[in-house]
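Across the two complexes that follow, chain A remains constant while its partner is chain B and subsequently chain C.
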Partner chain A sequence: MAVGIEPSQQAPPKRLPPPRGARWRAAQRVPQGVRSAAASAVLLAVLFVLVQIGVASGALRQTGLPLPTEVVGSTLGLLGTGGFWSDFGRTCLEIGASIVAGCALGLGAGIVFWKLPLLGRVFEPYLVSFYAVPLVLFYPMMIVLVGINAGSIIILSSIMAAIPLALNTRTGLQGIRPVHLKLARTLQCNARQTLFGIAIPAAAPMIVAGLRLAVVYALIGSIAMEFTTAQNGLGYRIRYLYETFDNKTMFAYIFVVLILSVLLTVLMAMAERVLLRGRR
Partner chain B sequence: MEGIHLNDVHVQFDHPSGITIAVDGVTQQVPPRSFVSIVGPSGCGKSTLLAVIAGLQPATSGSVDINGRRVTGPDRDIGVVFQEDSTLPWRNVRENVEFAMQMAGVSKGERAAKAAAAIELVGLKGFENSYPATLSGGMRQRVALARTLALQPGVVLMDEPFAALDQQTRIFLGAEVRRIWEQTHQTVLFVTHDISEAILLSQQIWVMSYRPGHVIDVIDIDLPDERDASIVSSPRFNELHNRVWTSLQKESMRGFQDVETA
Partner chain C sequence: MTTLTKLRQSQFVGAVVLALLASAIWQISSGLSFVIPSPAATAEAFVQNFADPRYLRDVGETAQAVAQAFIIGILLGGAIGLLLGLSAAARTWLEPLLIAFNGVPKIVLYPVLLPVFSLSGSKIVMGVLFALFPVLINVAVGVRGIPPVYWKLGRTVQAGKWQLFVHILLPAIRLPLLTGVRLAISLAVVGVVLAEFFATRFGLGRVVLQAYSHGEYAQMVSTILLLILAAFTVSVLLWRLERRVR
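Take a look at the complex of A and B:
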């Protein structure tokens, strides 16, 4: 109930019966985040139960889906094995490193393209068309150059993450309201002050949108390349289990990847709230 | 050499189709601690002149001196309040007001004290933690004003700061600016196209002609120092209004003709 979440709110006078619809209004006072989290939880639970019934009754036999309860059970079982943590750690390292490197690269490139418009105009068409290319295709080339290791995956995933961020950063910086730059001039801001005090915060909505894309691309890139060729990692393991017909364990790994992506999305939403504080 | 001194300021813009003379030889001065307004038809170069004084735009020829120093570029001692909303949407009111001081390297403690004083001066007490998105246009202009005043610049330049606001807010904020000026007595140069606003606020009005812009009339406003919006109905106000309007009328008509024949 709302009272539990917002203890500071005043209790209604006891003698009066609560007006019609009071429960609904109380529900509306619950923070948006809590409500949508609750909605997602209910939705997932319903899906879980439906699949469970479907598999148990044989209606979903064709799909090869194991019982969700078994998947949860084998996922929990995975947590005790060293092999799982080695795969998980490797994938997290790849994703983390490509997010960090990709963001640095993308932000830097976006700023350079903004500062040097000629360079920006020359490179933008290439970036835009590169954006549409499934860069995973260059993985074999990268393997030849770097080897079958985390390095080659991190390099390509970083580039995949950097491109949307670079484009968004440039667009955001170009959209700064001229009056804000005029303000910076009248206050005699130096280049650093103008960049960090005005330009980047002003472009923040676009940059944050680019950041979301960067994180998604780093995740997709890393898992997909592991899936193709690797010696370790969640993507590699899923493929291995799939080839050895270990359905139950494979779904446990897929479940872990799903949790990882949900976790990243939630983290990004939280970062967005902090970075875009005060704005609509 | 206190105050603002303009010595034969010319500004012209070259473009492919020819040359536009925006400001054509303005020689005037704003005495220290006084409030002067520039009134003129739109396109008369008054904002250009203000940009030159602010050091944002170089003059083609001529010079500007402020408190004995030649203007060669932007200077923190020249406070500017813009026509557009210049509040920073990612900072709350207090952080917005502190921004100018932060860029100038003012210490944290001093910043907080001066920001609090400036916020109180513009009547935004209680809104320190609000973000611009939740404030009205008039309140955002107050934030911009507080940000400029908190730096305590030698001169304050205002470029039609209330042009985007509705009539009521505009009169109300005009009276506020006058009240604030009576407290701070900073040297102010105020650009507007609103004659009543100019008379209500200033000690002196410069009337600018349509392009090429130069000052065609200087009118001293001999209204009492203590004035509020009620002075608008006094006979003297009407006389001054007529005087400014007569000077301006010919110029506005010329501007219209120019636009229509263009």
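Take a look at the complex of A and C:
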């Protein structure tokens, strides 16, 4: 599609990005999102076929990969078993609970840090360095304190989800243009109206970006902790199946986790679009 | 008075006070429950560990894996990020897949990596997978955000490819790049240690789980603290550097 552009790009000595808008003019008729989706579908299909051929011909024997078609088949087979739904339900409960608790905590903390800058500055180094979460490493401590159950996973995942949201909320609120707050004063808004009517909508892009991070962290945290030790849940099941050498079912579970996380990512991208409609 | 207000405004003092407060809570709660080792017992285990050659070997093993994962992760993430930032075609083909993969809990892929990269290699690969993404995303976004004027300047002075990279691209993206590097170090630690929780011969992750199953909680907490302190120190240093560069 981009063939027409190539010659004109050879004129400058280096492969510089041409000014915005000039590139891919021929392909502009198809929106970028659709082209991207199609391209990734093609890539995935190619990968699928390559692995299928590789496994079938024995070239990938060392990796222990089963045939992709078999994985799809056994995943569909899983959907009929009660054990799968109990693992799935447990993981979804953990993720859901930690998203809700983490968002409440993160948003609250972000607002408090904004209102009380001293507190925000004191917590900042801790938040910044725990942002990338060696927090998962606290899990063995949590299971000593709380026990091996959903509670300890939910507590840690909520904190993991809350931290990026708190940081983003604070940064977003600090970046509000003063004129917005002046408007609130002119309209004699009370504290609540200022916060919900003006401050939070003004900081929405940062807050929504933080929400996306929070969801990803809740998912990663929950599954990683289940994987370490648990009694139930998708992450735990993968480890269990690995240790019992049930390769085929294990790959089906891995496949389910991949699909679950991709679904969450897509959902969050859509939510972002809805929440920030009309801004860009 | 002025020194007092200065003290109050100092972030460092506040952070230290917060740490002391946390230790006080820890001390009190250790008196309430026998599963919580007291700070003193933990500190003792912390010091004693370093006299134990086997422990030192575990530390070395983990440190080496983290360092390798960190370096490979930064290089790989930087390269893919550059590709995504500079080439629209790469964006079209790879961006959605990379975004989706970023949201995947990568630890579930560990059983897939094990037969391919063996026991010692897999934890490095896991660390790389964790450390890769913050660098990748920040570099890609940073490169895309470079004002076109910069490129025009480069063209005007007829800079070579390498000169463009060193004198225009790198300085322009230094802030997001540093942020990515800072996140990468903690994530490399997480990736390697999580992998060690799962299966390994040597390493601190194994020490933690072993101490857990033997009920040696002081040993467990001191090892976790060592890991967290290491990641914390490096990322705070990088964060301060980041603020100075800005």
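Throughout what follows, the second predicted complex is superposed on the first by the 242 of 280 C-alpha atoms of A that agree within 3 Å, B and C clash if a C-alpha of one lies under 4 Å from a C-alpha of the other, contacts with A are read in each partner's own complex, and residues count from 1 in each chain.
Heads up, the rule we're going with is that a contact is a pair of C-beta atoms (placed from the backbone, for glycine too) under 8 Å apart; a residue touches a chain by one contact, two chains touch by 3 or more.
Remember, it's a predicted structure, so these values are computed and weren't measured experimentally.
Legend: residue contacts after superposition of the two complexes on their common chain; A:Gly197 is shown touching chain B, with no touch to chain C.
Once the two complexes are laid over each other on the shared chain, residue contacts for A:Gly82 go to neither chain B nor chain C. Chain A has more of its residues touched by C than by the other of chain B and chain C. In the superposition on chain A, contact is made by A:Gln188 with chain B only, not with chain C. Shared-chain residue A:Val179: touches chain B; no touch with chain C.
After overlaying the two complexes on the shared chain, residue contacts for A:Arg277 are found with chain B alone; chain C is out of touch. In the superposition on chain A, none of the residues of chain A is touched both by chain B in one structure and by chain C in the other. The part of chain A that touches chain C in the complex is made up of residues 2, 12-17, 19-20, 23-24, 32, 35-37, 39-40, 43-44, 62-65, 118, 121-126, 128-134, 136-138, 140-141, 143-145, 216, 219-220, 222-224, 227-229, 234-235, 238-239, 242, 250-251, 253-254, 257-258, 261-262, 264-266, 269.
Residues 177, 179-180, 182-189, 193, 197-198, 201-202, 204, 276-280 of chain A touch chain B in their complex.
Listing the residues of chain C that touch chain A in their complex gives 8-9, 11, 14-15, 17-18, 33, 35-36, 86, 88-89, 91-97, 99-100, 102-112, 115-116, 134, 148, 151, 154-155, 158-161, 164, 182-187, 189-190, 193-194, 197-198, 208-209, 212, 217, 220-221, 224, 227-228, 231-232, 235-236, 239. Of all the residues in chain B, the ones that touch chain A in their complex are 54-56, 74-76, 78-80, 82, 84-86, 88-92, 99-100, 102-104, 131-133.
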